[in-house]
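In what follows, chain A forms one complex with chain B and a second complex with chain C.
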Partner chain A sequence: MTDRRLRNTWITWIIAIALLALLPIILGGSYILHLLIISCIWIILAQGLNIILGYTGLLSLGQGGMFGIGAYVSALLAVKLGWSFWITMPLATTATALLGFIIGYPVLRTRGIYFAMVTLGLGVILSEIFNNWIGVTRGPMGIGDIPYPTPINLGFTSIAFDSKITYYYLVLAALILVMVVTYRIAKTTLGRALIAIKEDEVLAGTFGIFPPKFKIIAFTVCSAFSGLAGCLYAHYITFISPESFGVMASIDALVIVVVGSAGMVLGPALGTIILILVPEALRFASEYRMLVYAVILGVVIMYMPQGLGCSIGRLASKIVSGRRVANAYIGTSGSNQNLRGANGS
Partner chain B sequence: MQELINGLVSGSIYVLFATGLTIVLGILDIPNFVHGETFMIGAFTAFFLVAGLGVHFILATIIAMLIVAVIGVVVEKISFKPLRGAPHVTLLISAIAMMLFLENLASLLWGNYNRTIDSPYTKQVVSFLGSTVSSQRLLVVLMAVLLIIALQLFIKKTKLGMAIRAMGQNPEVTQLMGVSIDRLTSFIFALSAALSAVAGSFLGSLFTLNPHMGLEPLLKGVVILVLGGMGSIVGAIVGGLGLGLVESYTAQYLTSAFKNSVAFLILIIILVIKPTGLFGQGGDQH
Partner chain C sequence: MPILELQGVTKTFGGLTAVNELSFEVQKGDILGLIGPNGAGKTTVFNLITRHLNCTGGKVIFQGHDITNVRMDKIISFGIARTFQGSRIFRNLTVLEAMLTACYSKRKTGLILDLLNSARAKNEMQQHTEHAIEILKFIGLEERKNDQAGNLPYAHQSLVGIGMALVAEPQLLLLDEPIAGMNPQETLETMELIRKINGRGITVLLVEHNMTAVMGVCNRIVVMNYGEKIVEGTPGEIMEHPAVIDAYLGSGFDARAS
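Right, the complex of A and B next:
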């Protein structure tokens, strides 16, 4: 990466973050804020799936269950033991990651459609545990009165998280962290190893990549993101019940990743914008919402099986390459661009 | 004894359902998750024929099979045909889109409450091996057995059945032998959808039907598929009956709350010990 491009990347990131931070001020309104918070949480959850599906090529259908583990661990610690959010959040994230690590060992022995089925099974089992372990999870009645994060005291002022606007900044900070981690994974040896495993596991092995190790890492990171999303969800909604963490949650995450383009860092963000915000815009016809959702999904997968992000990327590179045709022959920058484009798809 | 009968009854519904799922996956290599929705539509068609037009239960089931077979072909044309040769994940998502569409359309049209299909045999009771069973349950088991035997004979003995088996082995060569792949694919989908419709109609007559009834048998079908091996009808029979019995006994002696977990726990243990399924024959190339 040249200095110039490195600087450009940084500038892009800073502009994007500044825009996101200003978004509530530009758009305003408590309902818009609610949508923004929910979207950020879904992007974090979907980014976890993106790492295991988009980069490693393993379809996990247990995302909803992991989301639930994060939510329940954090909520139970906060409600039953009265612990602060700032302790329960890292604990819930670590617990979910640990669960993914432990489950990953046996589960990652399977491949392809079998892996999808095992993880689907895990999701169903976790959701039945949430439903039936009444003594701890209160079953279908759910857990209510989950406290908002405790205020941070800065000495001269304290930041409370009981308003939507501060919670948005909290969720945004978590989202930026997740995005940076994903970006780092994607652009370093780890990400390349994962993509190699996705393309051809045996061949990756001959290049000195030990697939089980990298798959475990990917699955652990995926679980950690899901747990973090679950924890943020629980402390925002302040009430959790098993139906939020069932098979449908896993399917929603999958749909977001695929519609947004699996294997692109920004894919889940794009997918979330389309699949959370567009049906939301059709709220006046709320009974048709799910139908519209299904049609969008069907059309996208039919005409853009690689996802929207990829199609937009291709369109953009077509426009750019029209201008840069001469460059491609002279310098390395044009061909380098193409290579990166190929990695992103 | 009662557990054995319960297990056999739900087992035979599972067998009918999973057989349809397994022939599409085994022969066409398509994970047809819309199967749960054709199952639901089959149940509703039979319900409306019985409740609305006063058709006899058995006749209603047969008409539902025919109607749903057509729906199955339409689903194939819309959701799977344009994506032929695409990876499993893409097919799966296309199926999920169709699944959500049909489920929500049904709940818009017909409402989210439970109904039961009326059958003249529900109230009749026969005593069987020392316990009493409603004739409806016996009818379900009997018809399932007959249908599966007929299907096996059809696939083993007829020319069309031979074409289907050939296609499962090598689609290109089958096409070279003068078989139209498009028409055969439609036919297999029709067959599979018809089987799901019978299963739906039976389930709706024994228990209840609603627009969201498709998901649970789909999950069970997935378990049976792995237990019995993808594409194996005998495997679907063994897996379906086995699952029915296991569920019935665990519900009786352990707990009924974790019914689905038991099925999936078996699946996970099997896959962890043998990562390509019990009778695994590839299937993991994608």
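Right, the complex of A and C next:
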């Protein structure tokens, strides 16, 4: 990468982060903040799925269950043992990652539709556990009074997390971390190996990439992101019950990833904006919300089968380099170059 | 010492014996042709050498190492690379991305250092990119480096497959019907490319139906039929051999050519 491109990448990151940080100030309002927080959590959850589905090509339908593990582990440690969020958050994330690592070993022997079925089963089993292990999870009654993160004492001042604005900055920090990790994965050998496995496992193996190893890594990272999202959710809503972590959550995450474009770092963010923010923005017409949701899905599936992100990338590169696209007809400089560049794949 | 040695290699699929007690040697520097009618078991031999299939019996020895039971993904680091019949390549990647993916086995930096964007990882990435471009120039596809591999004309896809194998810097290269689907001009160019690859010190094992190509580039030829070796010799000897003529005329060589 040239210095100039490197600098541009940095500038893009900084502008994006600054905009996100200023968003609550620009938009204002408690309800907007709530939406922003929920959106960040959904993007983190969907990014987990993006790693395993978008990059590795494995359709996991157990995302909701892993989301729940993160939430329950953190909530239980905080409520029953009184541990601080700053300890329960890394623990819950690690525990979910560990669970993914252990379960991944047998589960990742299956592929295609079988992998989807097994992970769906996993999600259902976890959901049953949340519902029926009443001694620990209190079953359908759920766990309430989950504490907000303990304030951070900086000496001269302390930051409390009982207001939406500070919680927003907390989830935003987590989101940025997740995005940076995903971006690095996508850019490096690890991402290239995952994509090779998605493309053709046998060919990947021929070139020295051992698919089981990379699938386990992908599934572990996916689980870690889901666990982190669950934990952030639990300490924000302060009440959790099994219904938030069922098959519907898995399906929602799937729809977000597919609509946003699987296999793109920004895909889950786009998907979340479209599927969570747009329907909310049309809330005044609340009886039509499901309709709007359905129309968005229909349009994307019919006209943008590779997702919104891909289509935007393609459009942008057409506008930016209309000339080069024309050149492609005489077969000199490839328009594909620009398309792919913009897709970030 | 031969670079590759097959000792009584056998492969059965259920009741079908695809490769039967096959033995031959490849000497370092050879361009060895492996020919025979369709279904003779040539691709299966490749799959046994590169461990895409398990041998039912026999041994495969590469540079003195018994690789009969080595895991498939380790084969490349022994120095054996291959292409697949019908140009199996990473179709949705650009040509350059496909080449970089094929560099995987050359990597010396760990995944973590790579994720952390260490200087060493960056440096290595730079080297791999330069090497990939060099190989693309060598196979004549540098212009196409940013095109999607699956969108290239068929002949170019076949070359991408060869390029991916070369970028891993093998000592032995197995080519499975690289010329299939090429026009006469492309055929000549690919024959020349195979000679140039051999000139880089890479031993080549070539499966190909185009007899002009095989006779033109190979220094030795092994002829198979029904999973067995029927003859081995120089191109001159092979062309004259009654058993070869018999095998080809007797098992629909003409039908395939049509």
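In this text, the second predicted complex is superposed on the first by the 318 of 345 C-alpha atoms of A that agree within 3 Å, B and C clash if a C-alpha of one lies under 4 Å from a C-alpha of the other, contacts with A are read in each partner's own complex, and residues count from 1 in each chain.
One rule holds in what follows: a residue touches a chain if its C-beta (ideal position, glycine included) is under 8 Å from a C-beta of that chain, and two chains touch if they have at least 3 such contacts.
Since this is a predicted model, take the numbers as computed values, not measurements.
When both complexes are overlaid on chain A, the residue A:192 reaches chain C alone and has no touch with chain B. A simple residue count on chain A separates chain B from chain C, and the partner touching more is B. By the touch criterion defined above, A:208 reaches chain C but does not reach chain B. Of the two partner chains, neither chain B nor chain C is touched by A:238. Judged by the touch definition given at the top, the superposed model places A:94 against neither chain B nor chain C. Touch criterion met: A:184 reaches chain C, while chain B stays clear of it.
When the shared chain is aligned, chain B comes close enough to touch A:251, but chain C does not. When the shared chain is aligned, chain B comes close enough to touch A:107, but chain C does not. By the touch criterion defined above, A:317 reaches neither chain B nor chain C. Touched by chain B in one complex and by chain C in the other is not one residue of chain A.
The touching residues of chain C, counted against chain A in their complex, run 50, 52, 71-77, 81-82, 84, 88-94, 97, 100-102, 104-105, 107, 109, 111, 114-117, 121, 144, 146-148, 151, 164, 168. Contact residues of chain A toward chain B in the complex are 53, 59, 106-107, 109-114, 116-118, 120-122, 124-125, 128-129, 131-132, 247, 251, 254-255, 258, 287-288, 290-291, 293-295, 297-298, 301-302, 305.
Across the interface of their complex, chain C is touched by residues 181, 184-185, 188-190, 192-193, 195-196, 199-200, 202-210, 217, 334, 336-337, 340 of chain A. If you check the complex, the residues on chain B that touch chain A are 31, 78-79, 82-83, 86, 88-90, 92-94, 96-101, 103-105, 108, 215, 219, 222-223, 225-226, 255, 257-258, 260-261, 264-265, 267-268, 271-272, 275-277, 283-286.
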